[in-house]
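Both complexes shown next keep subunit A, but they swap its partner, so subunit B is in the first and subunit C is in the second.
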Partner chain A sequence: MTNPSPLTTISVTPPETAAPALRSDDRLTFPKMIAIPALERRDYAMQTWLFSGVFWMVVAASIGVIEAVKLFYPEFLQGIPALAYGRLRPVHVNLGIFGFMSMGYLGAAFYMVPRLTQTALYSETLGVLTAWGWNLNLMGGVLAILMGLSKGKEYEELPFPFDMMVGILEILIAGNLFSTITVRKESRLYVSLWYILLAIIPFPIYYTLGNVMNFRGIEDAIVNWFYSHNLFGLWLTTLGLATLYYIVPKQLNKPLYSHAISFLGFWTLAAFYPWNGGHHVIWGPVPEWVMTASVTASIAMLIPTIATMVNFGGTAWGTQGVMKRDISYRFSIVAYLSYVGTSLWGSGLAIMDLNAKLHFTSTTIAHVHLGFVGFGLAGLAAFIYFYLERSLKRGYSRKLAEWHFWLTVGGTIGYVVSMGWLGWLEGSEWASGNSVQGVMALRYWYNVARAGSGGLLLIGQLLLVWNIWKTMTSGPSEGLVTGMASDESNTLKEGAAV
Partner chain B sequence: MRFIREFPIIVALSFLFGLAFTGLVLAPVFASDISEPTPKLVAYTPTEQHGREIYIREGCVYCHSQQVRNVKADQNMVDAYGVSKSGDYFYDIPHLLGTSRQGPDLSNEGQVWGKASGDFAREYLIGHFKNPREYNPQSIMPSYSYLSDRELEELTDYVQSLGAWKIAPEATETTAEITPTEAQS
Partner chain C sequence: MMYLLMQPMNEQMAEKASKPMVHGSWFGVGDGTIVVWSLVWVIIPLGLVAIGGLLWAGKTGHFKNIQEIADRQLEIED
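Up next, the complex of A and B:
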């Protein structure tokens, strides 16, 4: 592939891992002008993003547990306006989206882009400053919601000026990553870069559309969910998949099963995902064709889902040995399975008959948490352990990581099963004529189980934080504790290019 | 020029995104049933609008939908109040359709605990905001006793306006007759 056509330039394995040296290109004067020497450390931007993401994940999970307790013991922390359920819920969601998932996976993107392009990041300084700007802005926005200044629509609660600041910062982030990709030295674009391009480029359009103003009545609802679903589909999912596409072949030390399938998966995702927003108003007071288009697109999402399923499944086939010894890879598998599960579930919930029964029930909440925790959190954990061990060459505590893994898996299963099953029961009760008030007693123990599962997840994530902290402050280790990198010969196959 | 290599990808992605944008965002603007209010629908009075802002501020929408769908699960509400139509939301800026029913749907609460029931309904609603479990021990609704009396009044006005216009007398042109909020509060 000396001069391949641009639409097929995917290499099968991500290129070399070593981060290229900084400031290597003399043509770029702007990043030099704004460079702050103290921030111009290799991977400093990426670390700031990643660890900020971990911080917000713990905050979001803690708030989630408080909310969960309030759902079966409403007197818990009662009487404090800022801690009322209706104010904590948007904070939990916004921290989950803009704190944990956005920042964590942008950390992964800031890691992948220089390596996949063989080019130093356009500006480490800009990367670090945008990360801190994002942190402070999010903090301000969340405090504003707690003070009662929410804009009031799902996922666009952050009030002015915090909402617009997110958009401006995203443009700076996109500029930073995009410039790096544009001046890259490696001409081939690995599939992860495609997903990153899809994540960073349309964001300002739908973000502004969703946040800048209220439309009238149902139009407002349609725009709201157009924005919301693109935030999941084109921002979080793409960044998450980019990360999995990068780390899985490296963890296995073998090429991706098929780049033709990742090609298919990428373009079908880009074609169908933006249409999905309308499936939040199935059976609702919207024009019939909005529903039809969205239901069709949601079911068409089976194509990219199955493509990803086959591609990762084919890559992961027969790798039980790696799974056993490499916690990072095991997390990747959890993320992969959850991604497939969430996507199939999402398509299923868009089927008219199922939606009639399950919309408004706890099933939706289970679906979202399978996405955010099963896919988002496990994928990020996979990346973090991968980063500590393979890039920083530091051994983390294997024991803590095992606990983290099993608490996360246990918590996720507990959460998704309790809420999913409760949602089914609620849907059945309502379909047979029972009222919302009539299912309150039924909900009690499921809500307790949800809080318990959330508690397990939170404890697991605290172990992750502790593990990262100990690893980062202990300095590089001579021998890797987990023994992954030293035992890779059996998976090395023909065509593996590392 | 290396940029050229990404360029076709970006054009293709923009096209796909633009297609969905046109279909889901631009096209609905021209749908007539969205741009016209349902007959008899009335705009919110200033106090109702204030109440609506409190409803938004306290995040009521996360547990209460305002949308009756033509499905089996909503059959009782459909029979009693009819299916929600897009014109019903003409004055809802922002929308408060909701996605979850931790609590009951409120789109017709103004008929359940309406102004027609007089002081009794008002006292119930305010008392319920302050201490929901006094009325229903199984309720998990937060207590809103921290709201001021005035805020509770406004919130009550808003809740009593929901769907109340549907049972208003026919042939009304002005909003004043249907929503005598000032007179009551």
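Up next, the complex of A and C:
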């Protein structure tokens, strides 16, 4: 150990009673100058980011269900231009990426960074202001898309100036988190911090390349996918993994199986992910080396996937008892399994023969939703329950959380299986010479199942929102014991907060 | 107003589409260079930062007793 710092701890108090309590040596001079006292509450920034993410998650899921209904009942909400499928789809996608996932997991990052560095956030004020700026900008961008103002390129639909504002705000967010890490009191960096750094540092590079620059023809498509896949791989995946790496050892009260393996996973992910975007355009009119490089990198992604699988698997080995009683941990396991499934599936889809059959089918939709819902949503739910009980020391309703869990699991399985199987059938039909129109009738009941599964997911998330609301508006639970994994008797009381 | 705001992008794309281009070359302006451009300016610098980071981490002892970092994480209070 290079610096055996004393085991100072951060004591977290509920927001309404929290005092600024910042030591003068916690901050550089500049953030103090821009500090707004009303915003200088510990964890205020993380709460703003986290709960904004939850809000957008519900909005994105609602729009997703409307879209799904339109796929088998096109007359639904017909005649309203703003609610046409072609406008709702990019809104759903952009809210999923920049609303739910980005904001929710940035909330988790704003939680983890001060704790892992043992240093107060560089600027709570900046954190809160950037969160509201992000919210307003996203709302403006979404309204513009609903009005028909879209850049028309996948994952780049947000029009000017809303697209540029995302980049500017991200630089401010990165500056806030990076500065906190720079002035940290804990010298050694836990793996979650590495993943957060990988998320925040390269973002402006590929985001600018994807959104501000315009190229022609296939070049634009290649750059588009370079940007888009890094958005998933270097932004959302890293923030999600950082969160799981933080909460899982704490949920189990045992250290990560191997910090060394986590570094292997981190560095191989950082090395191979940026090359993956090209696998979206294989079999297209792109230079052959682009295809070769992207397929090779996609297969090489097996290394970080297996490293993560071994590490979380080793940590979670023999913890069935914890899984039964800790819903937060159960969500973590769902997120972990979905991450592994999505990653292996992604590597498989890059195999050229398989890609030829499945790329344009519903299999891709299943793959994306296993990542966004199975990994992203379950991981965020795990963090939210973890935060409520561990940090705020509040007991949420166990009953609602159980319903939330099973609706989420049921909805995810229903969605992924229905779309995955439909995709296989579509690919087989097209390979045997059938046309796109020829399989439309085949799709009907699968699309009904898709909407039904989406409905289950939406109901589950509404229960989460209700549970959070009731928990946050009730006082801290008296005598609530946390650290569930470390104590057999430690189970949340049924309906503790509701 | 929004249409006016998007006008620079449309003009930029129209201007680029007005010139003939050949794809497939690794070098040379405007003939697939952009693929290499992103490689040079994004991936390789990231790789160099990664290699530099690893060397720095190794030199400053970050890989020594690495498991202690995982043990320490558990001690941090939430």
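Quick note on the criterion: the second predicted complex is superposed on the first by the 459 of 498 C-alpha atoms of A that agree within 3 Å, B and C clash if a C-alpha of one lies under 4 Å from a C-alpha of the other, contacts with A are read in each partner's own complex, and residues count from 1 in each chain.
Everything that follows uses one rule, which is that contacts are C-beta pairs under 8 Å (C-beta built on N, C-alpha and C of every residue); 3 or more make two chains touch, one makes a residue touch a chain.
Keep in mind that what you see is a predicted model, and the values were worked out from it rather than measured.
Answer with clash or fit: subunit B and subunit C placed together on subunit A by superposition.
Clash.
Would you sort A:270 into first (subunit B), second (subunit C), both or neither based on which partner it touches?
A:270: touches subunit B and subunit C.
In the three-chain superposition, say which chain, subunit B or subunit C, touches more residues of subunit A.
So, of the two partners, B touches more residues of subunit A.
Touch check for A:84: first (subunit B), second (subunit C), both, or neither?
first
Which partner chains sit in contact with A:214 here, subunit B, subunit C, both or neither? Use first/second/both/neither.
both
Taking the superposition on A as described, I'd like to know which of subunit B and subunit C A:437 touches: first, second, both or neither.
A:437 sits against subunit B, while subunit C stays out of touch.
On the A-aligned overlay, A:144 touches which partner chain: subunit B = first, subunit C = second, or both, or neither?
Second partner only.
Could you say whether A:226 touches subunit B, subunit C, both of them, or neither, answering first, second, both or neither?
Once the two structures are laid over each other on A, A:226 reaches both partners.
Would you check which partner chain A:37 touches, where first means subunit B only, second means subunit C only, and both and neither mean what they say?
neither
Touching A:427, do we find subunit B (first), subunit C (second), both, or neither?
A:427 sits against subunit B, while subunit C stays out of touch.
Both subunit B and subunit C touch subunit A; at which residues?
Shared contact residues on subunit A: 7, 9, 149, 151, 189, 202, 205-206, 209, 214-219, 222-223, 226, 267, 270-271, 274-275, 285-287, 290.
Which residues, counting only subunit A, touch subunit C once they are in their complex?
For subunit A paired with subunit C, touching residues are 1-2, 7, 9-12, 115-116, 118, 144, 147, 149, 151, 159-161, 186, 188-191, 202, 205-206, 209, 214-219, 222-223, 226, 246, 249-250, 253-256, 258-260, 263, 267, 270-271, 274-275, 285-287, 290, 390-391.
Can you tell me which positions in subunit A touch subunit B when the two form their complex?
Against subunit B, the touching part of subunit A is residues 6-7, 9, 70-72, 74, 78-81, 84-87, 89-90, 148-154, 181-184, 187, 189, 194, 197-198, 201-202, 205-206, 209, 214-224, 226, 234, 267, 270-271, 274-275, 277-278, 280-281, 283-287, 290, 293-294, 297, 356-357, 359-362, 364-365, 427, 430-431, 433, 435-437, 440-441.
What part of subunit B is in contact with subunit A in the complex they form?
Against subunit A, subunit B makes touches at 2-10, 12-14, 16-17, 19-21, 23-25, 28-29, 31, 33-35, 56-63, 65, 67, 69-76, 83-105, 132-133, 136, 138-146.
Looking at the complex, which residues from subunit C come into contact with subunit A?
Touching subunit A from subunit C are residues 2-3, 5-6, 8-9, 12-13, 16-17, 21, 23-24, 32, 34-35, 38, 41-43, 46-47, 50, 54, 60-78.
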